[in-house]
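Two complexes are shown next, each including chain A; its partner changes from chain B in the first to chain C in the second.
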Partner chain A sequence: MELSVFQDYGPMLLRGFGVTIFCWLAGTVLGMLLGLLVALAQRYGPRPLRWLLQVYIEVIRGTPFLVQLFVLYYGGPLIGLRLDALPAGLLGLTVYGSPYFAEIFRSGFNAVPIGQIEAARAIGMAEPSIVRRILLPLGLVSALPALVNFSIILTKETVILSIITVPELMYQVQRMSTETFRYLEANLVLALFFWGLVETISRAGRRLETRITRHLIERV
Partner chain B sequence: MVQASAVEIRNLDKFYGPFQALKQIDLTIPPGKVTCLIGPSGSGKSTLLRCINFLEEYDAGEVRIDDQLIGYDGPGRKMSARKLRQMRRSIGMVFQQFNLWPHMTALENVAEGLIRVRGLGKADAATRAAEALRKVGLEDKMQNHPARLSGGQQQRVAIARAIAMEPRLMLFDEPTSALDPELVGEVLQVMKTLAGEGMTMAVVTHEMGFAAHVADQVAFMEAGELVAVDSPDAILHNPSDPRISDFLRTYHERNAF
Partner chain C sequence: MFSTQTFFDSFGPLFWAARYTLLVSGLGIALGLVIGALVCAAALSRVRALRRFAALWVSFLRGVPLLVQLLLMYYLLPVIGINVPAIAAAVITVGICASAYISEIWRGAIGALPPGQSEAAAAIGMAPRDIWTRIVLPQAVVMSLPALVNELILLVKASSLVSVVGILEVTRASQAQAATTFRPLEVYLAAACIYLLINLCLAGLGRYLEHRMAV
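For the complex of A and B:
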């Protein structure tokens, strides 16, 4: 082990880690939003739209992220979609995550007892209010553990963005490796950073879960 | 005294696929009176009750509330969602499983409809909700979430949620069947009070005591058919149909010790 290389490469790796966290956060938030829209459209949309979205879900889930990213970054310009590496990476992550998030939301919505929705209909509540006040809050609570879990999986998908030259941690680690031949050190740093990130997310997720379920757990 | 609705059910049919759950039901639920629906499990009591507020779509026949057809504008023409909501505002429903919203306090459960449906401000809604909860004897539990209430208390919150909307008709689907025996009384008491105020009530129940002492008429159902509608005394003590005597015999045998 040769730690002195980090004097030269440390700042670069830290910057790379910053980009990784940014890509993960933005990709997760946008992917969740897109997934939520897909799940709602599948629940309430007209039949042709639901069918189309099902195809979207199957296609995105059925192909590797790497391939999707290539198609977007190198194929995009052919249809006039010319994106820089970072926006392309964010769009790719968003699209890649969205069908998984959509499925998580769908099962979260299905976990809301139908009777609680009927109770709202019975007093004359309109469907949009029912979604906002009952389906979403209760569905999100059921979906939370799976949402956190998939967000954790997404942290590690960000390394693939290095392929299209997004300067995230993997990209910097590879640069350091080829310039110094310190493959082991560089990759150990990568592993440590990711482990720390995942640990932080899962702790935060557990705390959030405890917080939002504290009223729901029976104690009579 | 509340303003009370009348319900007229004529030739009602309901199918689940090929299975006919309701067969040519004719029933009048008079205003300000309590009608109990009894009968074996699976006979169609819940389905009939749920057709009255159109939670279940019926296939033929009519359900009229104060002369207005619910669910349809005319033969085969579905009523608009908006108009249906308008009609549901004056029909309260209480479910076997309470169906309170677990993420809201008792007060919030009752205030929700006042805010979203009646358009009341938060403060007004809270005042009215508190009044309704006081009426069912839960003034000291208003800030509890459902998970911190007993079954009987939860069902009383559910009743408060319905009556806060000032309905003219109340539907109860086995309101005490999910309760421990010692909690049944408190819920029946609230229902008796409501009946005493002149509310029109349709109650699916296995509480024969309630049917005998509170109901103005009892309807007996079996296999999707309305077998008989009569006074509680006639149905429970002098049944005209062997299907009713059979049902009551099983009921008595189960409850004897």
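For the complex of A and C:
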């Protein structure tokens, strides 16, 4: 074991870590927004749009993320979509996550008791404000555990961006190990690092869940 | 311009490479089922150390990206003196990774069984081992089938990552194809179609199983 290489490559690895976190946060937020739009369009949109979105969901969920990235990054320029690695990676992560988020939102919306929505209609609330005041707040709370869970899964998907040369942590570690020939140590430390990261995030996620769903717990 | 010619021509070699995709995900899930059963047994055992070990196993394998696990295994095996072909390393890694998810699926299925079932079996005097092999496990396995099909779909997609260690499955083959034809868009779209085809078939199987079990 030779761990001193990590010192020499410290700044580079730190930069990579920053890019990883950035990709994860931006990809999760954008993917959630796109997923929310898809879920709402599937609920309220016209029938052809709903079919189209269903196909979109099936195609994205049925193909590997890596292949999607290849289509986008290497295939994109052929139809005039010329992106750098980082924007391509972010777009890929957003598109990849959106159908999963859409399905999570859909089941969250379905969990809203129909009586709540009927009651809102009965007192004459307009459909947009029903969405904003009834469907979204209630649906989001019941979708929260699944949202947290999928966001954690996305943390791990960011390493795949290294294959299309997004300079995130995995990419920097690969570069370091080809320059120092320390493949095993580098990957071992990377594994431990991700383990810690994912554990930390899931712990934080659980705390967030208990905080937000506090009002649902019955007082004994 | 989109060349339909290249698009359709790529299907031949990619279908040929799909057998490795199926091999890695098929053997991966088989290995995952075996190790997953052991890990699940450890998680439910009365021995504290075994439970600890199972928790650690699941948390590590679910916390580390598969790509990192693959490279780790790829570089680790030769160092500890095991020289196996890359394909074996890939299958082992995919199987070990799947075992963590599968053990959780089974733990969930066993937990979802009504306790009355094993209580009733105990009441009529069945031995603990018989309760497991005749009452708990058969029902848990049947109940977990849809979730296992789902896991298999995830594995088919995850198998694209083993292209990184040089196994000529669909993704690797399409990389080679893209490099020789200079038409990455068509080739990668063809690869996407193949994955979609495999997964739609599996999803259909899952729905069929779910339907049959709902009786």
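A few points about this structure:
Everything below uses one rule, namely that the second predicted complex is superposed on the first by the 219 of 220 C-alpha atoms of A that agree within 3 Å, B and C clash if a C-alpha of one lies under 4 Å from a C-alpha of the other, contacts with A are read in each partner's own complex, and residues count from 1 in each chain.
The rule is short, and it goes like this: contacts are C-beta pairs under 8 Å (C-beta built on N, C-alpha and C of every residue); 3 or more make two chains touch, one makes a residue touch a chain.
What you see is a predicted model; the values in this text were computed from it and never measured.
Within the superposed three-chain model, A:I217 lies in touch with chain B and out of touch with chain C [touch as defined at top]. Shared-chain residue A:S129: touches chain B; no touch with chain C. In the superposition on chain A, contact of A:Y44 is made with neither chain B nor chain C.
Contacts of A:P137 after superposition on the shared chain: chain B is touched, whereas chain C is not.
After overlaying the two complexes on the shared chain, residue contacts for A:F181 are found with neither chain B nor chain C. More chain A residues lie in contact with C than with the other chain of the pair chain B and chain C. After overlaying the two complexes on the shared chain, residue contacts for A:E118 are found with chain B alone; chain C is out of touch.
Listing the residues of chain A that touch chain C in their complex gives 58-59, 61-68, 70-71, 74-76, 78-79, 156-157, 159-160, 162-163, 170, 183-184, 187-188, 190-191, 194-199.
In the complex of the two chains, the chain C residues touching chain A come out as 2, 59-60, 62-69, 71-72, 75-76, 79, 153, 156-161, 163-164, 170-171, 174-175, 178, 183-186, 188-189, 191-192, 195-196, 199-200, 203. Against chain A, the residues of chain B that register as touching in their complex are 53, 55, 81, 85-89, 91-93, 95, 97, 99-103, 112-113, 116-117, 145, 147-150, 158, 161-162, 165.
Interface of chain A with chain B (complex): residues 113, 115-116, 118-127, 129, 133-134, 137-138, 141, 215-220.
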